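Structures are listed in the sections that come next.
After this come two complexes, each holding subunit A, first together with subunit B and then together with subunit C.
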Partner chain A sequence: MSPKGMLKAIMKNRTGRIGIILLALIVFTAIFAPWLAPFDPYERVAQPFQHPSASHLLGTNDIGQDILSEMIWGTRISLSIGIIAAAIAITLGTAIGILSGYYRRWLDTILMRFVDVVLVIPFLPLMILLAAYLGPQLTNIIIVIGILTWAGPARVIRSQVLSIRELGYVQAARSLGGTDFKIMIRHILPGVMPIALAQFIRAVSTVILIESSLAFLGLGDPTAKSWGTVLYYAQTRGAFLTGAWVWWVLPPGLLITFTVLAFAFTGYTLEEILNPRLRSAGPHHRVFFNSEAVEKNRG
Partner chain B sequence: MLRFWGHKLLQYGLVLLITLVINFSLPRLMPGSPLELLAGEDVGRLTTEERQEVMSRHALDQPVHQQFIIYLGQLGQGDLGYSYRQNRPVSTIIWERLPWTLLLTGSALVLSSIIGVIFGTLAAWRRGRFSDVGSMSLFIFLDSMPSFWLGMILVALFGARLRWFPVFGARTPFADYTGWAAVADVLHHLALPLLTLTLVTIAGLFLIIRYSTLETLGEQYITVARAKGLPERLIIFRHVLRNAMLPGITVFMLSLGYVVSGTTVIETVFAWPGLGRLMFEAVIQRDYPVLQATFMVVTVCVIIANFVADLLYPLADPRVRTEGRQ
Partner chain C sequence: MTKRLFYLCLVLLLIFASACSPTEDPPAAEPADEVEDEPGNGVEAVSLRMAIPRDEGSLNPYTYVTGYPGHNLLLLIYDTVFQLDENNVPQPWLVTDHEVDSEGINWNFTLHDGITWHDGAPLTAGDIKFSFDYYGEHSHSRWTNAVSAIEEIVIEDELNFSILLSEPVPAFLTNPLSDVPIIPEHIWQDVSDPDSFTDHTGSGPYQITEYVPDQTYRLHANADYFLGKPAVEEIGMVIIEDQTATFTALRVGDIDIASRSMQPELVGDFAGEGETDIITGPGFTSSLLQINNEREPFNDPLVRKAISRAIDIDDLVDTVMLGYGTAGSPGYIHPDLPHYNPDVEHIYDPNEAVTLLEEAGFIDTYGDHEFELLTRSNDPLRVRTAEMIAVNLNAVGINVSVQALDSATLDDLVWPEFDTSQGRDYDLSIWGWSAPIMIDPERLGGLFHSDLEDRGTLNIGAYTNNNVDTLTEEISVTVDPGRQQDIFNQLQVILADTVPFVTLYYPDGIYAYRPDTYDNWTYQNGQGVLNKLSFVNMP
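Now for the complex of A and B:
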């Protein structure tokens, strides 16, 4: 399926349409943040703790930075972290899934046992530990999240490889004497790309949630404020105990929630299009559970 | 069966080993002085005796494999290290915190399981109607929220605004309640964090129960039961629920990791004195020994919980008992 065809198919589905429209809004905000934001979110532009006014629609924070500008720039940070970390995770997951599903036998056993092990390790505590030792830099956070979220996708991709490797064209390539490497890159990889894309889109929503948790615990990069970082400062300054929660706590959380939903909706719809078997269980069920419940539960 | 347990023991053994290796190597591999990373304190602030103590405790003058053996030996004796920030052994600190986390996570798991099962079954039964679509949208929405943010909002509304519940801690400070008054006080403090953790953990269970109930409803023996004229309620409870519950148990097991992660941030919001809050405090204070020990204790708890779930699964599904799993 071509990317254009996928987009068309997603737009035909109501859930998918909501997802794509929300995504477009978010990506637009992220790209045009410098033009959309009224102030520099790292500059002190007014008195601290100001209530919303015409010049500062969401008021100002504890050191007089404009909260609305923080939200707009935060879109860029949260989205970049989500996309880059998810890309790392899916690249790793695809590589391991292909190796495991293609070679099977002992390599498959070892890799899948390893996946089982990784899935048991409590996720957030390990990330907190690593982030605390590595220091709160954007790159560190991205790498830590990326290398710890590959396991679920690897399993999904492996099962796809298991069925692709038996298809006629792969068998033909093998009988023509194609090397394993060539078969995996030329024939298996394109076959798993759509599934990998769906996994990637869903991984972005997971990563954004994880990042917000890490940032909330004070492990975010203070020079690259994400929505989670803003919530960290709101928490330490007790904003949720005063009236300020309406403009300081509510907006970042809603933005995270809608971004997560946007990616999740798009991902699910794409997955459903690629795997119509999932549709059999009814119009509303949309397999929101599937591996997602399992994966999210590792949060 | 034997193979299954062999596989499981290997898996949990490896998880434990990886945890130990991570904890052992992080302070030693990171740039900077391992002395500082092991003590969690400025080297300059430590007295000479303390510095000697850190050196000898971790056997820093000996080869690495020797250090690892000594490390394992200390752990084997229940020695989790020493917090130079708090001037107390880490195990004492953890023992103080662990019951609070178990209280919060345990009750949240029970509550979310009950609600998840009830609502999941009802939704499947009423498939496509308003109650189904409505509850599903609600849970998916809750599932997409950052759990700590939901906590903050609940505190803002029910704590700060309405003043129905206390906003932080697990007990009223300086109140010195005894007996039932103390229990009531703790429960009053527990309400909001429990509500938050429950709300964010329901979704996974709800969705899987709903799905497997739908699948079960399509089975032939259900059609037979209907044809016999059994009342709908009896069919749901006697025939459907029993089978639909099975995947629920698996998800319950997998939820454990999530519940633990959830508590870390939720305990932070509510200043609940559990392991999660301890981890946050340790991050802020760079108290590495506490951070490491908490990570390890949490991992051990998750392993134990997984193991219990493995033991329970065959009780729920007789097919597993005879065939052996996988």
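Now for the complex of A and C:
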């Protein structure tokens, strides 16, 4: 299915349409942050702890930076973290999925048992442990999240590879003496790309949520203005005790929620389109957290 | 993955839900509920409920845990020979009279008559001798070092004793006499492993009547206290670790005071009208911009001076501390301390900073170099301080980027193995010292002496200055107050000129409490309100 066809198919679905529209808004904000934000979020522009006013719609933070501008720039940072970490996870997942599904036998056994292990590790505690151990630089956070979220996608991609490798054109390429490497890159990879894309979109939302959780707990990089970092400062500087949570906690919280929803809606719809087993369930079965989808992801 | 996503969403929702209803949080621990609140006149309270952040063990001299509030609570249960007053001047407490010879070697004391232990036994000169000997023999990080200069204690009779020192100790009345608690000989004489001994019979204004580990303490007033019955009949202490939960409990009336200092941004919600109020005063902890004096180009005093000139510390106090702090003195000593030299002053002058950097040839060599300013990631105030300093330094041409590290990594770079002779690996770092390192004048040698093996044990920037070496050596053996002050003044002038580090600010202590329950708190400078003088009058 071409990207254009995919987009069309998503837009036909109500959930997908909401997802795509929200996504477009978020990406637009991230790209045009410098023009949209009224102030430089790193510059102290007013007294600290100002309540919302005409010049600062969401007030100012603990050292007098404009919270609205932080929100807008935070879109860019949270989104970048999401995309980079998800890219790492999906690249790893795709590579392992293809190797495992293509070679099968002992390599498949080893890799899939390894995936099993990674999937049953308690996820958030390990993440917290690694984040604390490696230190709070943004790059470390991205790498940690990336290398801990590849297992689910690897499993989904492997199952796709298993069916593709038996298709006529792959068999033909093999009988004509094509090398394994060439077959995997030229014939299998294009076949799993749509599924990888769906997995990628869903991974982005997971990553954004995880990064926000880590940052909120004080395990993120406190100098990078992601939404989670804004929440961290709100929490440590008493926003929950004073009335400031209305303009300091709710906006980043809602933004995280909407972003996660946007990616989840889009990713889910895409998966539904690509996976006939889910599509046949009919419109009234299109709940967001479809148990069948979970089963599928867990293999 | 979908399921995980769902749970994460749920957690996030819960966080917001809890934010929306802070007053509905259940109290984190059971308050002293069977004692009724005294609505009364705000002076003589029957019972007081206080929150402390963590368990302090059985609260005897070997089992208490933290310097604050642990040591402060310990001294409600045990007495010291002298007692620091509001301005940290030692005053006689267990003793009525004292004399000292001209060399500061031989001290004579007379005890108050009729002091008893909580179990009724009399407190005599024998207990004093026993305590100091015991601390000398049974190692403890705080007491053993403090009593090391005591050569011998001679008991003359029940009430009179003399202490003979091996060398003069400049602040002998402050430490050990106002710091080291006196323990009862009849209870401790056979104790060989004090770290596992849990008795807490003291002679102080309060005794522990109930202790539930990790939950509560109950302190009851000592009715037979030699200076009169303490003002509050009972103090219930609950352990609340979380800061937000602590002040929520204070707001709704589950507790009457919190031992922890409040963040400045909350003052507006707790001060003035209403059921809560605050009491503030100077704090003696310090916030510093630590400079690696060993590393190029910071080994040049001109560059360090330029850094000092570039930093707007008044802005830091107003922004980061919201005014609840004192701007740093370039001589390190807090302006509210007796040995402060008022002639030294921080000068904020970015133009002069640029001139100094040009003079030092900084721009040619390091104009493009980016320096790292390290800070602890788990301390938001320090991160904010670092961010503001980076702006200040970038403005004069020193390129600085802020690096937030976890505290263990930071300590390892700045102060590897807590041993200054092990070297260091950093450019600049936000740092801070606790109050004792500010109050005790002998610590200046530790901070600034260039002999990192023996004397400069806190000199984490490897600062070197011959005059400072000589002066800090002299101060540790000088007992004449006039000469002491003279040395202190000279030291502060040299420090201001050579800038081993930049003293940024000293955060104030801010204590929130409910005045309807008890309103007679005494703020001891740098120590806060948790001291004997809040409950007992000076003799």
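Basically, the second predicted complex is superposed on the first by the 285 of 299 C-alpha atoms of A that agree within 3 Å, B and C clash if a C-alpha of one lies under 4 Å from a C-alpha of the other, contacts with A are read in each partner's own complex, and residues count from 1 in each chain.
Following the convention adopted for this analysis, contacts are C-beta pairs under 8 Å (C-beta built on N, C-alpha and C of every residue); 3 or more make two chains touch, one makes a residue touch a chain.
Computed from a predicted structure; not experimentally measured.
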- Go through the superposed model and pick first if A:T206 touches only subunit B, second if only subunit C, both, or neither. second
- Task: Pick one for A:T179: touches subunit B only (first), subunit C only (second), both, or neither.
- Result: neither
- Pick one for A:P48: touches subunit B only (first), subunit C only (second), both, or neither. second
- What is the contact status of A:L129 with respect to subunit B (first) and subunit C (second): first, second, both, or neither? first
- Query: Between subunit B (first) and subunit C (second), which, if any, makes contact with A:G64: first, second, both or neither?
  - Reply: second
- Message: Just to be sure I read the superposition right, which of the two partners does A:W245 touch: subunit B = first, subunit C = second, or both, or neither?
- Response: both
- Name the contact category of A:A264: first (subunit B only), second (subunit C only), both, or neither. both
- Message: Looking at A:Q171 after the superposition, I want to know if it touches subunit B, subunit C, both of them or none. Which is it: first, second, both, neither?
- Response: neither
- When the two structures are overlaid on chain A, which partner does A:R237 contact: first (subunit B), second (subunit C), both, or neither? second
- Note on the structure: The shared contact residues of subunit A with subunit B and subunit C are 123, 132, 205, 209, 212-213, 216, 218, 235, 240-242, 245, 249-250, 253, 256-257, 260, 264, 288-289, 293-294, 297
- Report the residues of subunit A in contact with subunit B in the complex, numbered from low to high. 113, 116-117, 119-126, 128-130, 132-134, 205, 209, 212-213, 216-219, 228, 231, 234-235, 240-242, 245, 249-250, 252-253, 256-257, 260-261, 264, 281-285, 287-289, 293-294, 296-299
- Item | Contact footprint of subunit A on subunit B as seen in their complex | 7, 10-12, 14-15, 18-19, 22, 26-27, 30, 37, 127-128, 132-133, 136, 140-141, 143-150, 152-153, 155-156, 159-160, 167, 203-205, 207-208, 210-211, 214-215, 251, 254-255, 257-258, 260-262, 264-265, 268-269, 279-280, 282-284, 286, 288, 291-292, 294-295, 298-299, 302-303, 306
- The subunit C residues in contact with subunit A across the complex are 1-6, 8-9, 11-12, 15-16, 18-20, 22, 244, 247-248, 251, 263, 265-266, 268-269, 319-320, 322, 377-378, 380, 383-384, 387-388, 402-406, 409
- Query: So in the complex, which bits of subunit A are touching subunit C?
  - Reply: 42, 44, 48-49, 62-64, 123, 132, 135-137, 152, 202-203, 205-206, 209-210, 212-213, 216, 218, 221-223, 232-233, 235-242, 245, 249-250, 253, 256-257, 260, 264, 268, 288-290, 293-294, 297
